[in-house]
Structures are given as structure tokens and as C-alpha cells.
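Before anything else, here is the set of structures, which you'll find just below.
Next come two complexes, and both contain subunit A; in the first it sits with subunit B, in the second with subunit C.
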Partner chain A sequence: MKRRFNSKNPASLIVGVVVLAILAIAILGAPLLAPYDPVAQNAAERLEKPSEKHWLGTDRFGRDILSRTLHGGQTTLLSSLLALCAALAIGLLVGMAAGMFHGSALDHILMRIIDVLLAFPFMVFAMVIAGLFGTGLVHLLLAVVSVWWVSFARLTRSVVLHAKNETSYAAAKVLGASNLAIMRKELLPKAISPVLILATFELGTLILSIAALSFLGLGAQPPAPEWGSMLADGRAHFFQAPHILIGPAAFIVATVLAFNLIGEGLRDRLDPYEKLEL
Partner chain B sequence: MSSDNRAEALEVKGLQVAYEQNGRRTTVLNSLDFHLGKGEILVLLGESGSGKSTIARAVTGMLPPSARIGGGSLRVGAERIPDLGKPGIPWERIRGRGIAMLFQDAQSALNPVMKIKDHFKESLLYHSLASAEEAAAISAAMLERLNFKDVRHILECYPFQLSGGMCQRICLALALCLEPAVLVADEPTSALDTVSQKEVLDLLRKLQREMGLTVLLITHDIAVANAVGNRVIVLNKGVIEEEGDTRTVLTRPASAYTRELLAARNRIARPAHGLPPAAGKPVLEIVRLSKTFGGKKRVLQQVDLTLNEREILGILGQSGCGKSTLAKCVAGLERPSEGRILLRGADIGHLKGKARRETSKRIQLVFQDARASLNPGRTALQLVQEPLHYLRIGGKEEREALAAYYLREVGIADEAQTRRPPQLSTGQCQRIAIARALVLRPDILICDEAVSALDMSVQAQILELLQRLQRQFGFAILMISHDIRVLRAFCHHIAVMSSGSFGERKQESGRLHESRQPHTQLLLKCAGDMEDGLV
Partner chain C sequence: MHTVLLRKLLEALLTLFFATLIIFALIRLAPGDPVRLMLGHPGEIAAQGTSAYDEKVAELRAELGLDRNIAVQYVSWLGRLAQGDLGTSIFTGKQVGSEIAARLPATVTLSLSALLVQIALGLFFGMVASLRSGKLADQLIRVACVALASTPAFVVGLVALALFAVKYGVYEISSDFSAARLWLPALTLGVLGAPQLVRIMRANLLTEFGKIYVSSAQSRGLDRKRVVRHAARNALIPLVTMVALSFAGLIGGAVVIESIFSWPGIGKYALDSILVKDYPVIQGYALVAVLMVVLIHFLVDVVYSALDPRIHHKGEAGREETV
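Right, the complex of A and B next:
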């Protein structure tokens, strides 16, 4: 019998929501909370260690890291959440359609598209998009979303295929449910929780990918702050001033962790079978 | 048969087990004592929730993590365990050689990627009972002893190439290779059809005679107890109601509970009220229906069947004979490969989309696993409204009133209507499933093994309920089952299916024994033998 740590405890959900709430307040309130202008340079205070004046130190242009991190969070968090939601929606839709009409021409076409996208290097794909449409955050998000839905679609499809073997699916069909009703009432609820769990894990990768593309100059344009580009920026000075990395890294870790906890908590709440376990 | 002057093979004293969940403690076994003599077959008979499986798990050290052992001692042959609740019991030494086990689902007890011969080799080598060369000879000899015909071929097979009954006999052979002091068999034949069931049980008797095999057999089925048991313990809510010689307990029960169990069984065997005559026009005609899966596997072959209005028609068959596929074709879950399914003259076999959904109003299906067919997140009242929602029938109030009415009809009282499946018993779940099927007022209700998973007393209640509802609403029933007894008592007519076709036309259920089909005769004989001596 399966036993999971904290399986019936709402603690993970509460901790996750609290951490995320603190982060959200800090990030959204950045214009009020940040002690300095995030883009103001100060040549006299380059690469300073954390002090009372600059809590997280300064970077190679003498900009305050705390202020940059808080402001940068807006870009990073909002864009990755936006990309995630879009990818989730597309992935669920495609996965449900492919699973529901398993074996049909539609299923085959969708699955081959997915195979092609999976085989294609994501970074190259993003660069092609940037080359076609130009750089900038919107195009970057477009590139991310057009690849990222694939994993959600695959997971959704496999959940749907599994659910179609269950008695409850046959029961709904016998009771006269239309395909749409079955998808909405029987299949979607079953797909939601595993997809949400995957989403919480994917969010971390997503944040890092957006950061990596920003570093390549495809995303947020300097001097606008962004967690990923700050990380990339600090890497060059890692041995001299490791503190540059700490601010954005800590925020990324905290964000991803909070989402993981929320995902874990949600799963326990969403899955009615959990309650039946002895 | 007294066991006082014989050596004990197994002795359990003061066994106490409770389950703890969400801080709530439920005592399952309270200070239980029993013993098992060498060469004896002891049957633990009880309904679900009686704690019979907990006993099997406790004596083999396989209780789930939520179980709390309050105390109890165990003796298997020379091995003594003074306190089962203490950690550090050498189960590796006891399991296999001391106590061997047989499970309900034999197919999944075997490793699907290992050939049968490798199962034997692994088990014999692990217990260092034989070398690899000797293992082959030992396993072949053991299979021969267990009535296998083509032993060399069987040893080269994978588990999924064999039937459920064969897998169970292989599990038995594997267990016996280790020469265990006791064989604990937990519902070993519940998943098998009548013929394989009889085969396995006969084998147990034979091995008991020939090798002095000692068996602790756990079952809910009185016929199984009757067929193999030397001694029976009747278990109710973790307490021994009655203990004694099989014949005495099953024919002259001393406790009220045992009498109830037997009465429930007899209620199924002889319906209290006679069936009203089934005179009517044909409502469903199946004409030369065939179903082929994946282009080669023929499951149904040229099946012909007619169901009349108000008729209760039983379809009897062993597992894998195609009876469930037939039900699915009629219910619109599978598309026939050939042939026609006529509902009042109109072919419904190849309908699509909206037209297919409309036939849901005419044909409904009740599944074996009621719990799985109900969404665990919805209340009984919501569940019964589902079909009305799907087919857009009535307004909100009308739907609710209809659902409440049918729930009351199936015996779900108002206060239970707001509960969800996890808070309801399996019998109640099946009642809800029936209400949900009837809310559309269908002409035909298909019951696919609808009572097979239920306790005997609940089975009787559900069958009586179906009979009453059938009289009241006048629908026809297509009852699919492997259980001759249920069908004979419940149906006007019975059609016997084997390997995807009916050997002969449907027979009046009272005259089934006049059938000349050898398969029907075999089924009747197996069922009869197991009941032999029962009143």
C-alpha cells in the first residue's frame, strides 16, 4: 500500500500558498518596496558585498541587486505564468482530443506534430521564431508556448486513454453522455491533477528557459531586470562576487518550491481516491 | 473429526488487530484463537468485513502499514512467535516453507515476463531446495501431479498465455514445491468460473489425501466451504460465531448468524415470489452478431438471441466466453463487426452520435463493480440525475424529484441521498447504480454480473429488489452471470454461451437440466457437485 509523506495534511498547501503570497507581495509591490531604482548605475559601488546599505550587494554596474530582483520578478514570474497557462490550455485541449478519438486520423496527426516538436531542439526553435519575428518578450513567450504544450498534451492523452478503460467511462457512455460531456465531466477532472503536478515541476524549467533565452538576448532587453539574465550576468563574476547570484537564485528556488508545495497539496485535495486508502 | 490427538500444524492465540486511519481506530479482530491440525482443511467462512483476510495477512506478516497488532501468538510447526506485534519476526524463514500462500488473483501473483519454469527455478533455488537441473525435474513432476496435461509446453509458457484456473494451479504447484507446513489460500477460487473452481478445489482434496496437505482456506462462498472443508469457522465482525465439522455447521447450524447466511443463500436459490409470465413481443433481436477484435480475435460468432418484453433472460457462461462483449455491443459500447441488433425492429448496432445516445433511454446497463461505475465525488442524488443531464431531460426541480423518487424506490432513504460513494456500502452503491439506470425508464436493463461482487445476503437483497422493480416498471432484463444458481432462480429463460456462441436456443430456466449440450451439462454438474449435501 502506497504511503506518502503528509498525504492527508494540508500543511504543504498552506506553506506553499503563504510563501507564494509573500513572494507575490514583494514582487508586485516592488515599486514601493525596492530601496533603489533597478536600472540606476553607480560606478563607485561596483560589486559590493551585502551590507546595510545594499542588503544583497550590487552588481558590476553598481546596481542594487535586491531592487533588481524584486523588479525582475515581475517580468520573470508573470511571463512564465502566462506561458504556462497558455501551454496548459493547449496541451489539455490537444491531449483530450487525441485521447478521446484515439486511433483516428486526428490522433495520428496530433501525435506526429508532437513527435516533430519533441525531436526539434527547443533553443534553435526559439531562435528561429526570434529571427522571423524579431526579439522581445512577446516573441520569446510565443516560442516557449509553441513548444511547451507538448508534454502536457502527452500526459493528458495518456491519462485519458487510461480513464477510457475504467468502468466510469463506460457508465457515462451508457447513460447517454455526449463526447463533450464525457470529456468535461469524466476525463478533464482525471487529467487535471496529474497535469497540475507536472505544471508545477515544469514551471521551474520554464523560468530557467526564459532566463536562458533572455541571456541569449532573445527576451527581456537590457537594462530591464530579469532573474535569468541576472543569473547569467553574475556567472562571469562568480568567484569574485558570488553574492550576485544569491538574490535571483534564492527567489527562483523559493518560487519553484512554493509551486511544488501547492501542486502537492492540490493533488491531495483533488484526488478523491486518496481518501479511500487504508 | 477431532484434532486433539493429532499434531497441530498451525496455532493462533489471542490475535488482536485494529486498523488506524485518520486517527480513528477500528478493531477488526479481538482476541481470536484457532488451530489447524496436520492434514486438515479448515475453512474460514465470512462476509466482507468479517476480518477473514486480516487473519490471512496477520499470520503471514503482510498486514498493511495502517494495521496495529494488539497481541497474539503464532505457532507454525516448530516455529513459535510469542508476540506478533513485536518487530523482528523472521518472516523470510516462515513464509514459503512454513506458510505458503495462494491469492485470489493468480495471474497477477505471477511475474508476467517470466516463463513458468523460471518461477519454479527461482523459488526452489532461493530456498536452496534444489540445483537448477533438479528444479526442472521437480517442477515437471509437480505439474503432472496437479493434473496438467502438456507439462513441457506449460513450463515454456508465460503466465498471460494461460487461463486464470491454470495460473491458480501453477501457483499451487509453486507453493507445494517448498513442502510448506500450512497452505493459506485467500479466496483462491473466487475469480474463477465454475469449472475451473471445481478443478482447483478437487485438486486440494486430492493433495490432502495423497500428501497430507494442510490448508487454511478463506472464503465467502458456502459452496466452496462445502466442497473442501473438513472443519469450518464462521466469522462475523472479527468474532468466531461457530466452529465445527463442515457437515454439521452447514446443515445444522447452531448460531443465528450462520442460519442467516444459509437463509440468504436459499433465498437466492428459491425466489420467494413466483415470476410473472413473460408474454410479449420481442423487444430486442440479435441476428447473426459477430465481433472481432483487432482483425483476428473472434469473440462473438454468429450469435442469435431474442429478448421479449417483460422477459428476464439469463446468459450463462464461463469467463472469456464473450458474454460481456455481447452486453457491450447491445449497450452501444462496442460496435458489432457483423450482424444486426434490432431494438423494436430498428437496427441500433451501427448508430453514431446523437442517435446512439438516444438509445440510452431504451437500454441501460448495470456494471459488476458498482463503486467504480459511480463518480466518488458526487452525492447519490447527483449521480442519479446524471443521465437526465446528459440527455437534457426535465428542469432542475423535475430532475431532482425524479432522482429522489427512484432512490427511494431502490431503498436509499432520504438521509443517505446526500452521501457520496466512499461513505456508502457496496450494496448501497449498486442500488444507486440501479436507480441511475432506471431513471430513464428503459425497456431493457442489462445486468453484467451485477451481483457477483456482493456478499450473499446483499446479493439476495439486490436480486429481490430487481425482481420487484421489474414487476413494477415492466422492463426486460438481460442478466449476464457465471452463476447458474442465480440465473436459475431469477430468470424465465437461460441461454448458455461458450466460446462466443450459443450452442442451442434459450431454455426455460426450470428445464435447463434437459439440455443436451455437453457444456451445459458440465456446468450443471460442477455446480451440483459443489452444492452436494447442502440443504
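Right, the complex of A and C next:
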């Protein structure tokens, strides 16, 4: 039972990478590729259904949804990526410290903090932040970072605890390497690959969560061409004009799907700790 | 046995204590003066800047105890929480505690029903996928799971609403809490949570199938159905945690579904309050959500230590097992 999802599946990795590459080109190349100005309004073409002229239709101000989605992807994806990197860095640091000094007071305190944060469902935490500090993308991302690092910290810690049983760790200890050197040379390289695989999955989940909160009106606010605000806007007109929502939603599905497929493909190939909970 | 449970209980209480500290700190850090917010209705705003208004602010501040030392404030706040007093809504003036209590059954009913749907789907498709491992059925289930896990909850919810309420007219949109309105949101929420369970069930079953007792039972010529039944029972044990934790997730995740289906639960109540910045309600919602999660985690620990004797002597058993 070594390979849970058999290695017959490089397909998922390839499909994921291809989909992501196409999306990345389309989104990063939005200024060149988008057929219209994302904020240009056109009263004559309001709420138009998808057509040859507007592939994904227009919204209630006559703005082209495809152009808005492509431009909006930059904000959404870059900010999600940024939040993830911050969470990743904190998680790695905390996890390594807790694992390295396993059983110490530091470990206990860190694990206690993690336990407390685990008791806050992410959606609840994000809602509290939005409620107290105001809605908006920045607050949403702050909420993401303050809760999301926990999963990386737990994974890193368990990888480190594993690695400490290995001969190479004992050898480094015996040879008198400093704790810092051991963390950097011995533990970090071991932690990085499972943590990155987890990050690929988490990025998908993160984009979905941010989308959900934006849909509820707690994320980026309407005038900005950003996926979340387009969703909030599309929600109000869903039953008259479902295409306003479907456009950005389709891009979200494609993006998350790509990350999930890549995550699965990577896990099949790289994961040396099959039993770690990813 | 008792010492383990006692320690778990202490840990749970400690977690709750820190959680109240975080929530209290967040409220203190939030911009805006709660007193001025409470006096925020138009008649008072017109009076702003006058000495009468300032006097009123100072009066209310003293009445609420907001002029005292912050530690004293925290302790007295904690004392009121312990008595179940979550304060009053700035917007409606009603007791937050009783308002939440009135909506809790709707959220719990929805989450539990969704959980049942999720478990049924998870067990069935997980079983099929593991028995047909590598074959077409397995591949199809896998593709469906990845696709579903990549779709935002609100898309599924809106599509369900568009189909069953608008197109076929078999679901009535209203904001009542009734059994007739439960099935669609519960089904939606359950379907959304199913992929995770399917995958874990499949993986657990395959692990069990690979164990020696299964091959020895097979070599003794035991009926295939009976072998599967044995393996399934063993594969179910690790699922207890999964299910309990996903119930905790459901409480938070139900917000989107409650909002789409106008389900009168605590998530929708909190959401409506966020838009009008009703601090006490937001705070009460966070506290209740955390309390439920901590309670569920504690119950899982209790169930586990009853199920698995190996856990008793280890410190952080439930968690360490994943290492």
C-alpha cells in the first residue's frame, strides 16, 4: 500500500500544470489579451448574455465579464499567493522550533497556541475580523494568515519529529553541529517537500475560502475588478443573469482544480512520508 | 483513565480561556468606540460635540465599566460569560445569548443532517472505489471528488436553488425553520463535504485489505462479503475523528449555505450583524462557535480513549498518532 493513488497517475500532474499555465498566461497577459477595458461601462450593453462579442457576457454596467475576470485574477491570485507564503513561512518557523525543542516549554506554548487557533473555524475567524475591523481584501488576507499557518506548523513539527529519529540527525548531533545548523541543513530540507505539497492543496482551499467570504460580501468591495467582488455583485443578479457569476466562478474552479491536480500528482511522486496526514 | 480525561478537560478549558482572551483582545483592538456606536442613532448624532453628549458618553462608559482597568474589565466580562450573559445587541437591544440560543437548533439540525448525508455518501462511494480500485468506477469517483472539491460551495448551492426552486419548483424559498425546507440545504452541504470522506474511507479500506488478517481470511476461503465487513469495521475507527472534526467545520462552513437558502441559523444571524457592525453579536457568535468546536474535540478525545486503550498513557495521544 505504498502508493495510495497509484503512480499510473502522472496524468493529473500534467493536466494540472497545463491548466495552470494557460490560466497564468491569460491572467498575467490580461492587459494584452483582454478584449475590453475592465472598468469601461457601456449602458447600451447591460446584462448581455454570452455572445461572440462578449464571450462571457456583460454585467449590469455593461462591462465585459471576460476582461474583468482576466484582470481581476491578478489581484485575487497574487494576494492569495502572498497570504499563503506568509502563512508558510510562519508555519515552517514555528513547526521547526517546536519539533527541534520537542517537549520543552517552548514546544508546549506553541502547541497550546496552535490548539487555540484550531478551535476557531476559519470562516468564523474571518467573519469576526471582518465584523470588527471592517470588510475588505486586506482584512480578509490578515485573517487568512493569522489562522492558516497552523496546518503548516503541525505538519513541519511532525516531519521534524520523524527526522530526529534518523541516523543523519544523530550523526550531526554527535559531530557537534549547532541547533541552528541542524535546523537549516538537516530538518528544513526534509520538511520542505511535504509542506510544499500541502501548500498546493491549501492554496486551492484558500482561494475557495476567500471566494466564499467575498461572495458573502466580506471581501473586496464591488468597484474593483477582483473575482471576489464580481461574485458578490453576481450574487445579487444570479436568477436574472446567472452568467455574471458563472464567468468568475468557472475561473475559480479551473484554478483550484489545477492546484488540486498538481498537489495530487506531486504527492504521488514525492511524498516520502506517505502516512503523514496531508 | 480518569487522569487522562481530567487532563483533556483541563486542556479544553485552557483552550477556551485563551480563546476568550483572543476575542476580548480583538474587540479591544477594533477601531471605533463601542459607546459612541451604542449612542449612534440619528438623534444622538445631531447632539455630537455638545457637552450634553459628552456627558452621556461618559455616563454610559461608567455604566458599562469601560472606564475601569482593562484586566478588571476582562475578568468581569468573563464572569458575565460564565453566567451565560453575552450582552445585548447594539442594533436590536435584545439579549445576544437568547437570540443565539433561538437560532442554534436550526444550525445544529442543518449540520447534523448534512453530516448524515456526508457519511452515507462517503461510506458508499468510498467502499465502491476501494472494491473497484484502479477500475473505471474508482477513476470516475476520483474525478468527481476532485471536481467537487474544486467547486465553491455557493456555486453548488445556487445551482441547487436554481434547479429545485426555480426550474422544478419542488423547493420553497422562505426563511422558516421547518423540516420541509431542510432537505435541500442539508443535501447541498452534505454533498460538498463528501469528497474528503470518500477519499479517506477508500484509503483506509485499501490499507485494511492489504493487511495479513484479510489475506489469511481469504486463504481460508472465507466469504468475500464477510471479509469486507471485517475490514470495513476496522477502517471505520479512524473515521470517528474525521467525522467529528468535519462537524466542527460544518458549523463554520454552513454560513454560506445558510445565507444562500435563508436558513435561520446562527451563521446567517452573525452575517447580518457584521454588515451593521453589531459587536456583541459578532463576539457572541465567535464564542459559541469556539465553544462548540472545543466541546466536540473533547468528546472525540473521550470516545477515543474509551475505544483505544493504547492512548491512555500518552500525553497528546490523539494528535501524536498522526506522526
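What we mean here is this: the second predicted complex is superposed on the first by the 191 of 278 C-alpha atoms of A that agree within 3 Å, B and C clash if a C-alpha of one lies under 4 Å from a C-alpha of the other, contacts with A are read in each partner's own complex, and residues count from 1 in each chain.
Just so it is clear, a residue touches a chain if its C-beta (ideal position, glycine included) is under 8 Å from a C-beta of that chain, and two chains touch if they have at least 3 such contacts.
Everything numeric here is computed off the predicted structure, so don't read it as measured data.
When the two structures are aligned on the shared chain, A:Ala24 is found in touch with neither subunit B nor subunit C. Once the two complexes are overlaid on the shared chain, A:Val253 sits against subunit C while remaining clear of subunit B. Between subunit B and subunit C, C contacts the larger number of subunit A residues.
In the superposition on chain A, A:Ala172 makes contact with subunit B only, not with subunit C. Touch criterion not met for A:Ala86: it reaches neither subunit B nor subunit C. Shared-chain residue A:Leu161: touches subunit C; no touch with subunit B.
In the overlay built on the shared chain, the residue A:Ala181 is in contact with subunit B alone; subunit C does not reach it.
Looking at subunit A, you'll find residues 1, 8, 276 touch subunit B in one structure and subunit C in the other. Within the complex formed with subunit B, the subunit A residues making contact are 1, 3, 8, 166-168, 170-178, 181, 185-186, 189, 272-273, 275-276, 278. Interface of subunit A with subunit C (complex): residues 1, 4-6, 8, 12, 111-113, 115-116, 118-125, 127-135, 158, 161-162, 204, 208, 211-212, 215-218, 231, 235, 238-239, 242, 245, 249, 252-253, 256-257, 260-261, 264, 276-277. Residues 11, 14-16, 18-19, 22-23, 26-27, 29-31, 134, 142, 146-147, 149-155, 158, 162, 166, 203, 206-207, 210, 248-249, 251-253, 255-256, 259, 270-271, 273-275, 277-279, 282-283, 285-286, 289-290, 293-294, 297, 316, 322-323 of subunit C touch subunit A in their complex.
Those residues of subunit B that touch subunit A in the shared complex are 19, 21-22, 64-66, 328, 331-333, 353-354, 357-358, 360-361, 363-365, 367, 369, 372-377, 386-387, 389-391, 422, 433, 436, 440.
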